[in-house]
Amino acid sequence: MLELKSLDAGYGTFQALFGINLDVKAGEAVGVIGPNGAGKTTLMRVISGLIRPVRGSITMEGHDVLATPAHRIVDLGIAHVPENRRLFPRLTVDDNLKMGAYMPGARAKYAERLEFVFDLFPRMKERRSQMAGTMSGGEQQMCAIGRALMSDPKLLLLDEPSAGLAPVVVQQVFELVKRIRASGLTVLIVEQNVQQVLKVVDRAYLLEAGSIRASGTSEEMMKTDTIKQAYLGV
Amino acid sequence: QEKKIKIGVIYDLTGPLAGGGSELQYIGAKIMLDQYAKTGVEGYKVEAVYADAQSKPDVAINEAVRLIEQEKVNMLLGFFSSAQCVPVAARVEQLKNFMWITTCISSAVLADKNFKYVFRPQASGDQFGMMTMDFIAQNSKEKLGKEPKDLRVAIIHEDGAYGVDVSKGNEAGAKKAGFNIVLKEGYSATAPDLSALVTKLKRARPDVVFHTGYNPDITLFGRQAREQGLKFAALVGHGAGYGVYEKLKEGLGADVNYVFNTDPISIWLANQKSMDSKLPPVIKMVGEEFDKAKPGVAIRSAHVGMAASNTYLFLTEVLPRAIKKYGGVDPDALRKAALETDIPEGGTMLGFGVKFHGEGTQMAGQNERSFPVVIQYVDDKSYVVWPKSQAQREAVLPLPKGTTFSNQ
Amino acid sequence: MQGFLDIFDIYLLEAVVNGILLGGVLALLALGLNLIFGVIDVTWICYAELVMIGMYGMYYMVQVFGLPYWVAAPIAIMLVAALGALLHYIVIEPLLTAPPINQLLATGGVLFILQSFATVAFGIDFRNLGIRLPVLAIGDMHFSYSRLLAFVAALLGMLAVYFFMTRTYTGTAIRAISQDRQIMSLMGVDTRRIYLITSALGGALAGLAACLLVLQYDVHPFVGLSFGPITFLICVLGGLGNFVGGFLAAFVFAQIISLGGLFSDLEWGYVLAFAFFIVMMFIRPAGLLARRS
Amino acid sequence: MLTVEGLVKRFGGFTAVNNVSFRVEQGEILGLIGPNGSGKSTIFNMLSGTLIPTAGSILFNGAEIAGHAPHRIINGGIGRTFQIPRPFHRLSIFENVALAGYYGQGRHSRARADEAAERALAMVGLPTDRHASVDGLGAAGLKKLELAKALATGPKLLLADESLGGLDEHEMDQAADMLRKIRDELGITIIWVEHIMGVLMRVVDRVMVLDHGEKISEGLPSAVASDPRVIEVYLGTDADSSQAAAAEARRKAGV
Amino acid sequence: MNFRNAAWATGLVGLVALPFVYREPYHLHILVLILIWSFAYTAWSIMGRFGLVSLGHGGFMGVGAYVTALLWNHLGVSPWIGIPVSMVAAGMLALVVAYPCFRFRITGHYFVLVTLALSGIVLQVITATRDYTGGSLGYTPNRAPSGKGLMALQFDDKTTWYLIALGIWVLGLLIWRWVDRSMSRYAMEAISEDEDAAAAAGVNVTAEKLKITLISALMTALAGALYCQYQMFISPDTVSGIAVSLQMVFAVIVGGLYVSLGPTVGAVITILLAEVLRIGFGTKAVGWDNLVYGLLLVIFIIFLPKGILGSILDRLKTQPKPSGMK
């Protein structure tokens, strides 16, 4: 479904990603793990068009993502839940969700999608008219995921959805990921919480200093020493 | 070395004052200066250097200093706004240059300053105010049917230098005539709303409204007065915006009929019979030149003639005398020549005579023989109605029944 | 006592009503600015000058080319809308990431440009449309139709903008854009398009104000100076981006000017209005309608 | 050293902190946990003067400080970090910390400020180079900078808000060690807010749990970790984190 | 003695010597104006560089100018006393408005507009109290009797004024530098980014902001008073009001907000540009000078967002420094 080939990307003169090759098949859940500053967020941003890579290619179901203007990438079926949620703090939950369904294709299915999201997060239904910025961290995370789901995506990019959340909410979030998958979506998830994430994904990539160090099924990844080494900086 | 007089000319060609009349003054002065640039005066070439004061006093100061110190002009001529005249006159005096003011009517420019090098052939602002009051006072009993002490008058004015000065003259004149002043108030010419002022006027019920302002605020006042149903027997304006008939007509439409305006007479209205015989051809020339510069103007503004006449006065009276009698165009020669000017009434295109208050007097440099006239706009024509010596017809007073503002 | 009661006369009522009508004019002016300054957080110091250009547009179309008012008005609105879009495209876009003070300065430069452009192109004369609408008289009180018209336009405009902003996708995107510009593309929003739409809309509202103002005021290159600052104050007093608040604030300001002018000199009415603004900033910094936190 | 009585904070109609009382003893590390939005940061904000309490009293070393201006409280010996790092980008790393050293200690002296900055930076393991830019710091570096700023103000009590959020496991361990070192070596009392139970429970002496602005549990880590109410609202039932937390707490209690 | 100081010293000696070798009076006049305005702009930038964008400085300048002149004309108080009094008055005005602003956290747009209202008020009050201030006609300090020039701070000699203005300008730069090197700068930078975080570092936010505001307002009032003494004329439009405030912002941003000589460069450029354009276009192409002026402002700000001097210095910095220079 999604395929990245020898991708280089960075910020200005600073290169953050080096020759990344990665693929995600339809229906899969794939994790990306790695220490702070490894380039995980950068990877997600490149896929969703927030930054443009220097070299390499990205295809989504055969479409050339890099040839698509950033604001049309959603139309290819990619939705991105960015790091730190990035809700519109002074818009209500409803309006935030509405923004998620901005693309003409999604507008048509607005009511249906809204129901789907409220089903998934009943809490959002209760808080419809609350300003997003005043909600608790967990609620905001739900709202951010809900917003991404409003566009009826095929592929969901999740960037550290559990950061800063209470343990019980972290569990809920991972539950959610499972449920989202079960509804047929493909998921690419970045997490710091390695133990947890490996339980919900089929495969994972280990990213370190901008390059892919290892990849494999979650069972394989759980075993590898590479992970320890990567994190300890050995 | 070539003999010439270099004259620095400053008016506002941009900014709000430009449209308020300064540009017309500039045209008037330029017509005259161009004329004499061709012929020269007593063997002296006449060279004018023009500058735009941009309706800002600080720019006027800078330009004055530049013209004097950089361009080495022998004198400055022009100035529309009193807010510019006040600082520039002080500078000129300090630098011992010579200044010939064609407009700037505020008394404050000269009063108690005892300037030696600054001259103004023009009537002063309080003279304007006094003149109109005098006009109303003389007509109060006969035409308005009221004793002066029963006559209710309101004085309103834009709060710039010009409006304030005229209103002071109005007030002094009204007190002298014994009128009942029911309202006196200033407002900013850029105010977006004058309805509160109109409401106050309605409450004060004046018989005569004395108004000084520029075009945008006159239009605004006129419209709001009409819309709010203000009634009175006469509206008397004082130059500036009231001198630009085109704009008045555009803004007020038919309501401009029977409005009075006090200004130095427009040279085209001046009584040519009682005038020095060499002047009418000059007036004609100015008119023709003006029509070339600004084609298609129905009533030529008094502003044009004011500057033209005052410039003409300098070029034909003061300058020749300075050259012939005092041997040059240095400030002292110009000054002595100016002080010796003695022209009887009818000796200028504006009808009045010229004699300057001398050194040591309260208004040193002011022409003691100048006077404005009161005109009335009737059916797109203007007629001098006051003073009697210049009057072309009887004033229509009060406003005829059926007109918008009539309180009959 | 009698003297005190004397002020409650018909003239007071007239002043109040005229204050309301002036409020309509100011509200109309503030509407477009509130959209630009309040919602998308872009500073157009030259907003009143756009209105000025619109007024000139009306003058030329009606007086010089002889178009009927109702034909000229939509053209003028479109003209200023295009100008607004152009302003955004040329001046604001390169400065979107710069500090707001740079926007203020750049649009200040545009203010000079527009003023002197008007001077150069249209001359310094005061221009007037010469249309005089009838007067509405109730007893001894008289009211201006042109102001009534402005009032109605402000009210309808405010409602239209309000519903546009809250009910449509584009409106929601406009409200969102100042909160997080980068993330907009994740929603599938073309930020440039939203900015252009908003700028054109802000310009169109300035054009609408121009069409109605030209019925009451002379046009000259400096007419913007009469309205510029006060329009900004109204937007802030009402709460940035709060259209209902801005509408209300315009009336409060107008009342202060009108009643202040009735009881004291006109000039002190403005001092009072400014002072009121400062005090209100301390009491209700988030706008008249904001709940206190 | 700190005694809080009946602390209340309302935002409009919403009560973020409701009648919370607790004590902190000299030299201890108190863990403060609770669900998102339970009022932890709000309490920190009141202790540090950033917010004015609606009601209640805060006695610090016997003196009432509730409602005092933040700079007075900081000068009086309470230092704090922010949950989301708030570095000053226009200042270098060193200047960030020196600023806190200069103003935070009440006595304005440049020499002391520089000295305090150097010590604090060394403590958290950041470079003491005077011109190094803040922008070069990653998530972990920023958290360290927050700590260094707080330390430079010379606190007796340190309020550490989620010092571990967003860190990877390795860096988390480092940070936890650092907090302990700060207490052991500098004798600074600490209140620590954290969601990563595995690490928190290892370090703290005592835990207090908030929910909806109210204190629902307080005590030794082992006791709190097995409190059913805490498990229900915060730790969760079947997840690793709570099990790990409980295990960690038990291990610690056993030691 | 390093290179920088040497350059500064030479420059200063050159500037002091200038009027004795170059005697073109109009150019000196413009120079004096540039120096006085540079001082005022420097005063503004002391606040502005920390994000305290004030449009109230027209008000402070007006108070400085009018209070000094009114005291002299009405009460015969010498400007030597009048100027300090006017500065205190402006300082108090600044405190009265700024204190609540800072206490109630009025920042950004809100601060800009509160201060805008302030300069609006000062302008209106000067105009409305025309019986004392001359209103929009402007106001002229009475000429001192001859021989009393020093007492009245009135000099006919341009060289004297040039030296006074130069001294004040240097004073302005020294104050700028002093602030720049003080810990207050760190504090203000911190405050401008994040007030809460600054407070958590122990900074008394309100006091630090007030301090900077006060310094800036006092300097601005001094500039206003000196402008009045030099021009011997003030009017509401030239020393007060929103237009004057905006003029300050323009010049400073064009020159460069974050470098000490930025405001000076801004003054030189804006004043010279206005003069050159006005004289250049003269009365031949009326209105074009402001058109070009506005155009240049826009171009400057789009292509040199850090101001002219700021951008030049930035560019020099990124280039490798020639060896031997420190």
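Assorted remarks:
A, B, C, D and E are the chain letters, set down in written order, and residue numbers restart from 1 in every chain.
Just so we're on the same page, a contact is a pair of C-beta atoms (placed from the backbone, for glycine too) under 8 Å apart; a residue touches a chain by one contact, two chains touch by 3 or more.
Please read these numbers as outputs of a predicted model, since none were measured by experiment.
Counting only chains that touch, the fewest steps needed to get from chain D to chain E is 1. When every chain is reduced to the mean of its CA atoms, the largest separation from chain C belongs to D.
For this pair, chain A with chain D, the centres built from the Cα atoms lie 30 Å apart.
Centroids of chain B and chain D (each the mean of its C-alpha atoms) stand 77 Å apart.
The mean-CA centres of chain A and chain E are about 52 angstrom from one another, to the nearest whole unit.
With touch defined as above, chain D holds no residue shared between interfaces to two or more other chains. For chain E, residues that reach two or more other chains under the stated contact definition are 127-128, 286-287, 290.
Counting only residues that touch two or more partner chains, chain C has 116, 119, 124, 265, 267, 270.
Listing the residues of chain D that touch chain E in their complex gives 48-50, 69-71, 74-75, 80, 82, 86-91, 95-96, 98-100, 102-106, 108, 110, 113, 149-150, 153. Against chain A, in their complex, chain D makes its touches with residues 33-37, 83, 138-140, 162, 165-171, 195, 197, 233-236, 238-242, 245.
On the chain E side of its complex with chain B, the touching residues are 24-27, 29-30, 33, 127-128, 130, 134-138, 140, 156, 231-233, 235, 237-238, 275, 278-279, 282-283, 286-287, 290. Chain E contributes residues 48, 51, 53, 97, 100-101, 104-106, 108-110, 112-114, 116-118, 120-121, 124-125, 127-128, 242, 246, 249-250, 253-254, 257, 285-291, 293-298, 301-302, 305 to its touches with chain C in the complex. Those residues of chain A whose C-beta lies close enough to touch chain C in the complex are 48-50, 69-75, 79-80, 82, 86, 88-91, 95, 98-103, 106-107, 147-148, 151.
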